[in-house]
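Naming follows writing order (A, B, C, D and E), and every chain is counted from residue 1.
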Amino acid sequence: ESSSEYDSTGSFAPTPSGEDQVLVSAATSLTAVFAELSSEFESANPGIDVVLNFAGSTALREQILEGAPIDVFASADRSNMQRAVESGEVEGRPEIFARNVLQIAVSAGNPADVTGLDDFARSELLIGLCISTVPCGELAREALAKEGVTPSIDSVEPNVRALLTKVEAGELDAGITYLTDVLFASDAIEGIDLPSGQNVIAEYPIAVLTNARSPAAAAMFMKFVLSGEAQSILHEYGFISP
Amino acid sequence: MPFQQRSITTGRSPILLVVLGLTGLTFFVVPLLGLLWRVPWKRTPDLLTSQMVLDALRLSVIASLAATAISCVIGVPLAWLLARAEFPGKAIVRSIVTLPLVLPPVVGGTALLFALGRRGLVGGPLNQVTGLLMPFSLWGVILAATFVAMPFLVITVEGALHNLDEKHERAAASLGASRWMVIRRITVPMIAPSLIAGLALTWARAFGEFGATVTFAGNLQGRTQTLPLAVFVALESDRDAAVAISMIMVFVSLIVLIALRDRWWR
Amino acid sequence: MVAVVLTSQGLTADVVVHRSENFRLELCLSIPSGKTVALLGPNGSGKSTALAAIAGLISLDSGRILFNGVTLDDPATGAFVPPERRKAGVVFQNYLLFPHLSVLDNVAFGLRSRRIARGEANTRAREWIERIGLTGMENRKPADLSGGQSQRVAIARALAITPDLLLLDEPLSALDISTRSELRHMLKEHLTNFDGPRLLITHDPTEAFLLADEIHVIEDGTVTQVGNADEIRLRPRTQYAADLAGFNLIMGTARSGIVDTGVQPLYIANNEIAGPVLATIHPTAISLYLEPPKGSPRNSWSTTVYRVERFENRIRLSTGPPLPVTVEVTEQAKTELGLKPGTQIWVALKATEIGIQPGRFS
Amino acid sequence: MPFQQRSITTGRSPILLVVLGLTGLTFFVVPLLGLLWRVPWKRTPDLLTSQMVLDALRLSVIASLAATAISCVIGVPLAWLLARAEFPGKAIVRSIVTLPLVLPPVVGGTALLFALGRRGLVGGPLNQVTGLLMPFSLWGVILAATFVAMPFLVITVEGALHNLDEKHERAAASLGASRWMVIRRITVPMIAPSLIAGLALTWARAFGEFGATVTFAGNLQGRTQTLPLAVFVALESDRDAAVAISMIMVFVSLIVLIALRDRWWR
Amino acid sequence: MVAVVLTSQGLTADVVVHRSENFRLELCLSIPSGKTVALLGPNGSGKSTALAAIAGLISLDSGRILFNGVTLDDPATGAFVPPERRKAGVVFQNYLLFPHLSVLDNVAFGLRSRRIARGEANTRAREWIERIGLTGMENRKPADLSGGQSQRVAIARALAITPDLLLLDEPLSALDISTRSELRHMLKEHLTNFDGPRLLITHDPTEAFLLADEIHVIEDGTVTQVGNADEIRLRPRTQYAADLAGFNLIMGTARSGIVDTGVQPLYIANNEIAGPVLATIHPTAISLYLEPPKGSPRNSWSTTVYRVERFENRIRLSTGPPLPVTVEVTEQAKTELGLKPGTQIWVALKATEIGIQPGRFS
C-alpha cells in the first residue's frame, strides 16, 4: 500500500505516477525566468512535470556531485558546469543558453550621481561589489580592470542579492550587478548601462546529467531552453541570446 | 482564580530591571517595525493563496512539527543521560550535541550530504541496500531540520535537569515507581516549563531552517521547498513577496508558539 | 564491626555510612517482623541517614542490609536492591510531597506505581485522605496546604501502599496536639495489623515509648543504649537518654556507699557496689528548703536556683553548682519558698532515692 | 569528594532511555563523521594561519562574546519581566521576542536594515544626528548577532524562572534583601544551570550567525567578515577550504562551550 | 470586623485573608513592644497565614496592619510596605534555607542585605553559628544538614539581623529534647533583651506557656480564646484548648447544681450557676474502681476502658460511653486493677473537682 506513495528511490513523489518528472537545478539568478520557462514547457508537454530547484550554482554543483537525482543543471557560470563535467556527471556536452551583461546599480534617483565605472574610484562614495569568487564579482573586477579603475570598495557582498539589498536600502551608493538583476529589482533601484566596450559577458551553460531519471524528458527541456520560443522569453528578462 | 493573591515579590519590579528589560525589548521591536513598515499589505492575501506558498506552508508545518516530535522522543532521553547518567566521554558527547548550533547551516547541510547523500558515508551503503534516498525528499527536510534544531531541546532540558533536585525522584522510587515511571510522572512534569521552552526553541529553529535544508534536501516546490526556501526564491524574483511570506511565517509561528507555551504554562 | 544475628524474617541492618569527614554512622539494628524499633537521638546523630540507607536512597560504605533473608545492600558483594523494589513505605522528615501532583495523586502515587488501576488506586487514596482528615482537599497542590496537612499527606502516601517495611522519620512532628494523639493511635492500630518490621524516628519520648517495642538511642553515629521504654526511662546511660526521661543523671565512682562525683559526694543505699557508676535521680525525689534541712535525707547541699520553668502543671527548676540538678516541685511549694532564679536554697535527697547502675557515660 | 555517595537514582538507566538517547546521539555523530571524513587535514594548518581566517576568527570571537554579553545584560531582565511581572500585552511581548527565531535570518537582516540602516526608520535620524552608521561596522555584526541570538537566552531563562518556586525569593525579601539583591543573590544563582545553558545556546547561535550579518553588516574582510561568512565565501570557490574553516569553528566552539558549561556546571 | 485598639508602639494586626473557598482567616492581634504572643491552634487553622501577612509575604484582603504607628498593609488605602522594609526576623515553618548558599552565607544573608560589610557580617554570623552549636559546619550546604541542624540555621538566620519584629513559626519543632530546651532558653534570654513585639507559633503548649506573655488560640481562622498560660490551662474554652492543657472538657446546661450533658448528669459544687456551662475536669481528679464505689464522690458511672497510654511516667486511659473521659492513674493502680482496653470499670468523681465556667463551645 504505502509503496505507491513513494517512488523506487524512497523520495516523496506527490505527482501521480505515469507522468514524467524533470528535476531542474537552476542558479538563483535564473529564478524568475525559469519559473516562466517551465510553465511554458509544461503547457506544451502536458505529460511532463518540471520541478525547479533553485540555489547558488556552487550549492547545486555540490548536490550533483553528491549524487542528487537531478536531470538538468543550469549554471550561472562556466566553472561550476566544468566541475560537473570533470566529475562525469554530465551527459553529452553543456550548451550556452544565455548571456548576461553587467550594469551599475544605484539607489532610486541616483543620489550619489554615479555615471560610470570611473565613479567607483571615488572614496567618498559607499561602493559595493560581489566577492571575487562568484561570477558577478569576478566579472565586475574584470570590467574595472579593463578601465584601469581601482575601486574604493566599502563592502564585498557574497552574492548579488546581498549587494542589491544594500543598494536598495541606500546603504551603498553603487554596485555592479547583472542587467537582469537590476531590471527586475524593485523601484528603489536604478540601472546605469555600461558602454558595450567596457562590458564583460557572463555565460549560462545548461546540460542534461548522467543521473537523470527521465533522460528523454530532460533532453526535451534542454532543447526547449535553447529554442527560439524560450530565447524570446529569456530576452524579456534581459538575457542576451548566445 | 478568585482567591489568587496579588504576588508580593512581583508587586513592583526594580527600576533597573525594567529599564534593561525594555531596552532588550526595543531590540526586537525596532527591526520588526522596520519590517512591518515595508510589508506590502495589499498583496499579502493573494500571495497567501498561491500554490507555491500553500505548498511551502504545508511542508514547513509538517517538517517542523515532525522535527520537534523526533527531537522530543530522542532528544529528551539524550538530555537525561547527559544530566543523570555516568559514562565515559560525557564531555565529548555534550560537545558533539552542541555542534549543529555552531556549524553554519550550509556546512551542516553539506555534512549531511557527505554522511547521508547517495554517495555518503552511511547514505551510500544504505541506498545500495534499501534504495532509500534521503536528499530531495520530505525525509531529507525533516532530517535537516532535526539536525539543526534538536540541540536546543537537549541543552535546555539538560540545564533544567541540573536545576532539579533529585530528592523528589528518590522519594518516588521509594514508593515503588520504576525508573521509567519516575521520569514520566516526576522528572518531566517538574521541568515542564523548561521543556516547553526547549520545545518552542526547537520548533522555531526547525521552522526557520534554511541553509541545511537547501543544501541537503534541495529546493523543490511541493516536495522540499519550505517557507524559508520560498522566501529565498521570492527574494530573487519578487522582493515584496519575500517580505509578505516572511510575515506569514511570523504569523504562523505566533500561533504555534502561543499554543505551545501559553496553553501549558501556568 | 558488630556481629549481626541473622534472622530470616525481619530486617537486619549493619549500616556503615560516611557522610562527611566528621560524621560516620555505624549502626547495628535488627527488627523482627511485626515489631517496631524507635531510633531516638539528638540532631545530627544519623537517624535519617540510617533510614535512607535502609530505604535504598543511599548506599552503604560497608556492612550489610538483609530483609526477610534477601540481601538489600552489601558493598562486599556489590549486591544492591534499588529503592523501588524494596517495598518500603517511607515518611520523609521533609515530606517530599510531589509539588506538581494533587493531594489525591500524591497519595495514589505509590499505588499507581504498583500497577493498581487508576480507579482502584483513587478509591484507596480517598479512604486514606479521609482517615487523615483531609477530605475536601483532594485536589489541592501541596503548596496550598499547611505544614501539618502536608505531613498528614506524607503519612497517608507511605501507608497507602501497604508496604513490607515501614520507615517513619518524625512522622508526627508538625501535627497539632489533638491530631497527633489521634494519628498516633491510628498508627498504633495500623501497626498492629501490619506484620512487617517498622522503624520509627522521633524526638518525642512519649511517641517512642507508646509505639516502639524497642528503643535504640543513637548519638553521634553510634548506638549508646538499647532497651524498652522502661529500661531507657529508669536506667538511662547517657545525658541525652536521661534528658529524654526527665531524670538527673550523674556519673561518679562508688566506694562503700558513697559516690564520688568530683564535686559533691552522694550517699547511696548500696554499700556493695564499687567502681564507676551512673546515678539517676528523679526530679520529684529531691526536696528543697530555705534552711539547712535536719531530717532523714542523708544528702544535702546549699545552692542557688538557676532556672524556673513550668511543664504542663508542674514546676521544674534547675539548681546551680556544686552539683546541678533538676527538681520538680508543686506550684504551692514554689510560691511558699518564693522560688525564682537566684534564690538561695538547700537541696535534700534520700539515699534510697538514688538509682545506681554500674557503668560510665558512653 | 571522598564522601560522595554513588547516586542511586542514576545507578542504572532504563534501557529504553539509553536506546533512545543513543539514537539521538547518532543523529549528531553521523553527519559529523561525514564532515570529518572530508576534512582536508593537510591543508588545514595553512588555512588556519591565512590572514582571512585569522581576521574572521578574531571578529567572530569578539562579536559572539559581545552579543552574549549584551543578551545577558538586557535579555535576563527581559526574561525576568516576562516571568514575574504583571503587565498588559505580555503574550504579545513574549511572541515578539520569539520572532527572530522564526524569521529567516536574511529577512531578519533586511528588517535590521529597514530599521537601523542609513535610511532606516531609526537609523536614518540616528545617522543624521550622531553620524553613527551601523552597517559595515563591527557594531552591525554585533547587533545582527544579538538580534538573532538573544531570544534563546530570554526563552531559556524565562522557562527556568517559571520552574523556580518563589518561596526562597520571598524568604530573602523578608530578610531585608532589596528586589535587586534577591535577583542577584537568590534568583540567578538558583537558575544557574539553565542560565548557563541559555548562554551556551546564545553564544553558539551568535557564533554561527550568517544570514542577518551578511545582509545587515556586509562581508568585509577584517571588518565584518566573521567565520561563517568566510565559510560561505569559501564554499563558492573552494569547498575544502570551507570544510576546513568549519572545523576551526567547531574547534573554537568546543573550547568556548566546554569553558562555559563544564566549568560552571556541578 | 473587630475594632482594633491602636497603640503607637508595637504591632496591631487586623488580618483578613481568604486562602480558598473553605478558608478565611480573620484575626485580630495586638502585640505591645517587648511582649510575646503565642498562636496556638490545630493544623490548618491559619497560623502560618497570619505570619505571612504580618511579614508582608501575602497581602491582606481587608483589615490593616500597623507597626509602631506605621501602616504596613491597608487594602482600603492601598498602603503596603514590602517585606524587605518591614525588618522582621522570620523563622519559616519549612525553614526555606537558601540551597545554594553555605550555612555561613545563609546566616549572614540578612546582615549583608542590610549593607553590613562582609567581614563584620561573617563575624556576627559565626557567633550565631556557635550559639546554635553548629561550629565547624559553616561551609556546608543546607542539603548536607540534618533536619534539626537546618532548623537551627533558620533560627540563627532570623535572629542574626536584630529585627524590629520577630515572627517564629514552630521554631523548635525539629530539635532534639536537649537542644530544644537549650534553644528555648537561648530564645527566652534573647527575647528579654529584644524590645520589639514577637509572635510565636507552636503546637507545644509547654513552649507557649514558657515563652509567651499572652496566648491566642486560633481555630479554623478565628480566635477562640485569648489569655495567659494559666487562663488557657485552667479554663479552656474549646476541646482543642482542653486537649492542650490535658483537661477533660464537657459542655452542658447547668441547673440547681447539676449539669445536663445529654448523656450523664454531673453533680457540681455550684448551685447558683444556670445555663450553658463548660465543665473542666483534670484527669488525676477521676478515680477508678472495679466495683461500684461507695463513698464521698457524688458522680459515678460504669464504663469500659477504651485506650491505655503511658505519658512519661504516668498512665493515661480513655473511657468509653456514656461520658468519655481521660483519666490519669499511677503505674501501681494500673497493675492492681488490671487496666487494659476492654476492662469494665467504675468512674468516680467528686463534685468539687469539677471546674465550671459559663459559656459554650465556640
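Rule of thumb we're sticking to: a contact is a pair of C-beta atoms (placed from the backbone, for glycine too) under 8 Å apart; a residue touches a chain by one contact, two chains touch by 3 or more.
Keep in mind that this is a model prediction, so the values were computed, not measured.
The minimal number of chain-to-chain contact steps leading from subunit A to subunit C is 2.
When chain centres are set by their Cα atoms, the one at the greatest distance from subunit C is A. Of the two chain pairs considered here, A-D and A-B, the higher C-beta contact count falls to A-B.
Separating the CA-averaged centres of subunit D and subunit E is a span of 55 Å.
A straight line joining the Cα centres of subunit C and subunit E is 22 Å long.
If each chain is reduced to the centroid of its CA atoms, subunit A and subunit E end up 86 Å from each other. Looking at subunit E, residues 19-20, 56-57, 82-83, 99 sit in touch with two or more other chains. Within subunit D, residues 8, 12, 106, 110, 113-114, 120, 170, 173, 178-179, 182, 190, 192, 232, 235, 239 each touch two or more of the remaining chains. Among the residues of subunit A, those in touch with two or more other chains are 59, 62, 161. Only residues 7-10, 12-14, 16-21, 23-25, 27-35, 37-38, 73-75, 77-78, 80-81, 84-86, 91, 93-108, 110-116, 120-122, 146-147, 150-152, 154-156, 158-160, 162-164, 166, 169-170, 173, 178-180, 182-183, 190-198, 200-201, 204-205, 207-208, 210-211, 228, 231-232, 235, 242-243, 246, 249-250, 253-254, 257-258, 261-262, 265-266 of subunit B touch subunit D when the two sit together in their complex.
Against subunit A, in their complex, subunit D makes its touches with residues 106, 109-110, 113-114, 117-120, 135-136, 214-215, 218-221, 225, 229, 232-239. Within the complex, the subunit C residues that touch subunit B are 55-57, 82-88, 90, 92, 96, 98-101, 109-110, 113-114, 157-158, 161.
Within the complex, the subunit D residues that touch subunit E are 167-168, 170-179, 181-182, 185-186, 189-190, 192. The touching residues of subunit A, counted against subunit B in their complex, run 8-14, 23, 25, 28-29, 31-32, 35, 51-55, 59, 62-63, 65-69, 161, 168, 184-186.
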